[in-house]
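Presented sequentially are two complexes of subunit A, the first with subunit B as partner and the second with subunit C.
Showing the complex of A and B:
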């Protein structure tokens, strides 16, 4: 599960090709099988993928949307990298994300009347991080104390959190002026500043900085090393005198906090409000992204761009040729299966080569 | 509170609890079989959802509920066979594949549903009901518990059968060995891979059957994402039951009641926001986990692929 360095063999070029193939083959296979399914449903896959690239990458408006979408994906990916490297499955992303978003949406319009914009934005982000981290506390403690499988508990907290976020929007933070239940809206001028006259908000800069910092933290600091040891071998970590329980709680809090920051940034940058029943469900979607990048915080940037193009382009392509957006969800599932499969075949190849 | 406990409220609550609890029971029993054999079946949510879809499609086109249930079970087995091929035979990570199967099944069924049914949203007729002679005429309890689809009685019967299987048969012993000490099973000359494969396929069938029940009897139609975590609740039930099917049954009843609260409260004329009610089963799961945390038990070799000679 860990990212192992390429071994120093005379055959380095072959290893480099293998490293590229490990990533390219699953993507191509997923696109091919997805295309075949489109074909069976009577749609032309080349038209679909053509529209995806055209809208998501080649048009100026689409590219700006792609950049904007990268911000939450990167922040969630950063959160998942911390957890996965420590061997912890935080699958509660959706609940953490939505609760953070709702708290931001409730706080921001209230604070902006009295506080300057910069302070408002920072307070919102910090509070959201704290709320999301708090939401991960029960799964973290159950795991640390009793070894209860965190996959299940974090998922349960996620379902609980998405419903609770709705309750908050509908019953507590509802803007009485609107007919559809939603929170009070943060004016566009009060949101995160745009970059150089584009429509891309500065959240992408925050996300890039965070994901690089997380990468450095995991690879260059003692704390990061401790987390990796816990992830690689919890028993050895206990023998080495590491406080595994405390590290588990800290990892969960950090992971959830980063995912919460994603929700906060998305509200402060793009929406300004949370509508009832809004749930982009990025939590599980980002899992394959992080696996593709092999938990590497730098590689994740490229894959986030790829996913972002797929999502933004997919939304447009879906409308134009009449395929629901759920197609992208299926692609992601396929991608994850092929990724695991290719990883396994590569493992066999190396074993046979005696590396 | 006293006017809440009227007959229509009670009947609606109990009837709804059974209807909502049966898919959870089937999923929980299925997961229990897998977990006994040492396979953590995170993909059970995907198996249920796919079973719900295939079950609905078969029932809709054939007009037969039996065909629907059969197709639902087989649909679940199709998804389970991916787990068998990739995780049991090749030793790929069970959690990664499980997540992938759940996401994939969500996307695929939503996609297929869009092309087939999104314009018409067809519904099935009301599912046939088997009234237990004598018992069904008891007031309140009769209409609530003893006039259900035959799958309900079969599911309860399955609890008894599994309790016997786990406790008093070689098959049960083999399953337990595959989860607790696979090397011992291997040494006894019984294939770990075959035992686990059979366990996972059974899980797929039961989860798919549960999904088909959810779609065909519970809702009467297929809606994308309709399982909404039922498979995951099944995993929790199996986790807390410590290998005893009777506890899965009790758990399923508990969660069934909390799921049935919505409609029952509406019958009683109490207006609670649906989101609050949606939180109930999941809040219940967490509460149970927090209270009984130290008692949940999983087999030692859970989630680990078996490689002969490996330590």
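Showing the complex of A and C:
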């Protein structure tokens, strides 16, 4: 989108302030109420938040972990933005993510024996994208052909996908050498290359590139505009002669494919194997993050960083201060509540202003 | 002579609107009771507009108070304030002489003010009685027997017969409106507001509504009727107030009203609506009155050559809530305007969509300049020159949240020169938009303004600019002036006639017979999905069209 060259009138300044407030106020409120709960538990909230920031952002090791965590979050966010902007609510992220992860974990150790590392990594990623995209075909076709609500179907396919991924690990790709059911491991040296001698793998670069490309695709290409028309007004899409059915399937495939890439990159960069019953459940975690960013691919980078700091720092801070690990999830929950509240108040404000 | 107020197709071409003697009105005009509701010095501003500017009006029991005015005159805002949907910036609302605050639709209902909006706001999948019970508080049990008692009470009051267990979705629009009226009166029958209630109704529905309104008036309800139609105002109104640019510019009081003939009333109203600008707006006045016969200069269409568009035995598949086509055949020659008349919901929508390519024909063929285009989709037909100006301007014609610039190119996405190899050239798109905005006199703050923020007339200008651009050969207009004010209506008519003069084949689908009589060369009539006849436009064709519209010639077997 071309940049607005209009001067900053008071009205526009107010809108900008409101845009920042819509994001900042819920975050601050969530932190404040979270702090109050810590006080009730007899802990010092400032110590807790201090540990979070120190560990998640300010310590070198923690920062590297944060960057590593950002990679899957960003790729999933990219996948969700494509779908949500097209008005398609793909909530099947977890199933798509895990299936892709298992496929990568099964392929990589098998291929690395015969193929060079680069080729192995690329084949794994491409295959995972294809598998995740294929898994999205059923909800996509049901939506395109019969108009069946994809929220329900994709969510159900997600449960099936996570279970199926487990079945694959336990029955077909199980490494006989281990007692706990898991796939064969990809050796650390064969995984995604690290960046400049740090522990951060290059998946974060892939993720950043993908999320920026997705943003450009949505705002600067005919394909992106078509998707947004389908999302904003499906009747107008039919009226304009867009192939709504085809676009629906393409959107689903692209969305699921990017989420699959997230699973693949996480295995190739961090774990090297999939253990049975492993499910980080990032798929649904990223949904509020994408809403916070209002489906903007650039803004989502900041939120992914914020979430990663909270997750990495929160784990360590909870341990050090002696509160349950799930305290971070509670902060996320509070954030959602206040987000919805602020959104509602903003809606009222706009209505009053007659905007 | 609006089609939806046709009294009976058997009456002569010189039509009276709703059958009632003018003397029957004005029952509340005798003594001078205190008004049920009063608005005093109401002001309401929106960014850039003063919607209501110091409005003061009285609403009396047993009186039908008509509010007349063009689009943007402030009628809807005033109604919104009375219905509790908007709050005035200043001014007072008095109910039974007591100052009240109407902070929400519920408070408004609590004061006995019920509103029936232009579009039906019922849940189609629930029954009549379920819809009526929806207004209760959440902690209350659904008391069906009490609700049924109230339902019967109101049925008697309105003089209507409805099955309380019928699904609302299966009722006709007229019956749905009766349910809406019941809901509006559910918590007390003090004041009833009707916002353009006849615009979606059949002639029978209009008659029934007139009866209902008269019954309510006799029971002492204060009725407020918002309308564009002068004939309705005359037939039903005891008191007429005219709004213009947010002000009350004049009124006809009940005492005066009783002494006046229809001609006198219309003359007075037009003088108020157009004020000093009367002479220049003579054409608007003619349009308002439906007396534009003088401008019906027919062109001679040369039908010796090959038709531009030929539809042969088009049929479409039935679909819930829409009337499909049955064996529709017609020819359209270059330079011709073919009007399509008919009561709403007789297959017009399917006809337009099938011709535009956004709906598949189940059988039949469409030929354009001798080529079969039945299988072509919207983009291919657009390239071949077929254009469709839809009546659902915001529903499907545009994407409300997208800019004017994007909407101007909604049907060209991906095409050169605005897109090159799929990449968007926003600079070029915005330049193109500025040019169109200038050329078509589209009133918008900027080409980047979301189109949903423009007025109906300006959205229509965007659609016209988009559809009439580059090598149009056949243009289908569906209700081209629906919801537009007089000036924009006239502009749209001029555009239609003008483009036909340049050799376009034009199809105008409308439920407004006057409009068709003004712009068409021939007029076809749709009845229950069939094109039951096509007549040459000329003097005295209204009677024939009226008969066709109600299916009376079907028995004679003239279905084409």
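Heads up, the rule we're going with is that the second predicted complex is superposed on the first by the 336 of 355 C-alpha atoms of A that agree within 3 Å, B and C clash if a C-alpha of one lies under 4 Å from a C-alpha of the other, contacts with A are read in each partner's own complex, and residues count from 1 in each chain.
By our rule, a residue touches a chain if its C-beta (ideal position, glycine included) is under 8 Å from a C-beta of that chain, and two chains touch if they have at least 3 such contacts.
Computed from a predicted model, the values in this text were never measured in an experiment.
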item: Combined model on subunit A where subunit B meets subunit C, clash or fit; value: clash
item: First (subunit B), second (subunit C), both or neither touched by A:136; value: neither
item: Touched partner set for A:221, first subunit B, second subunit C, both or neither; value: second
item: Partner chain in contact with A:182 - subunit B first, subunit C second, else both or neither; value: neither
item: Which partner, subunit B or subunit C, touches more subunit A residues; value: B
item: Contacts of A:323 with subunit B and subunit C, given as first, second, both or neither; value: first
item: Touching partner for A:236 - first (subunit B), second (subunit C), both, neither; value: second
item: Overlapping segment of subunit B (options 22-30, 184-192 or 202-210) - the one that collides with subunit C in the superposed model; value: 184-192
item: Where subunit A meets both subunit C and subunit B, residue numbers; value: 1
item: Touching residues on subunit A, where the partner in the complex is subunit C; value: 1-2, 4, 219-226, 228-229, 232-233, 235-236, 238-242, 353-355
item: Partner subunit A, residues of subunit C touching it in the complex; value: 46-47, 356-358, 377-379, 382, 388, 390, 392, 395-402, 406, 410-411, 413-414, 419, 422-424, 426-427, 430, 448
item: Parts of subunit B lying in touch with subunit A, wherever the complex brings them together; value: 40, 42, 82, 86, 90-93, 95-97, 99-108, 110-111, 114-115, 118, 224, 228-229, 232, 235-236, 239, 273, 275-276, 278-279, 282-283, 285-286, 289-290, 293-294, 296, 298
item: Interface residues, subunit A side, partner subunit B - complex; value: 1, 37, 41, 89, 91, 138, 142, 145-146, 148-149, 151-153, 155-157, 159-160, 163-164, 166-167, 170-171, 284-285, 287-288, 291, 323-324, 326-337, 339-341, 344
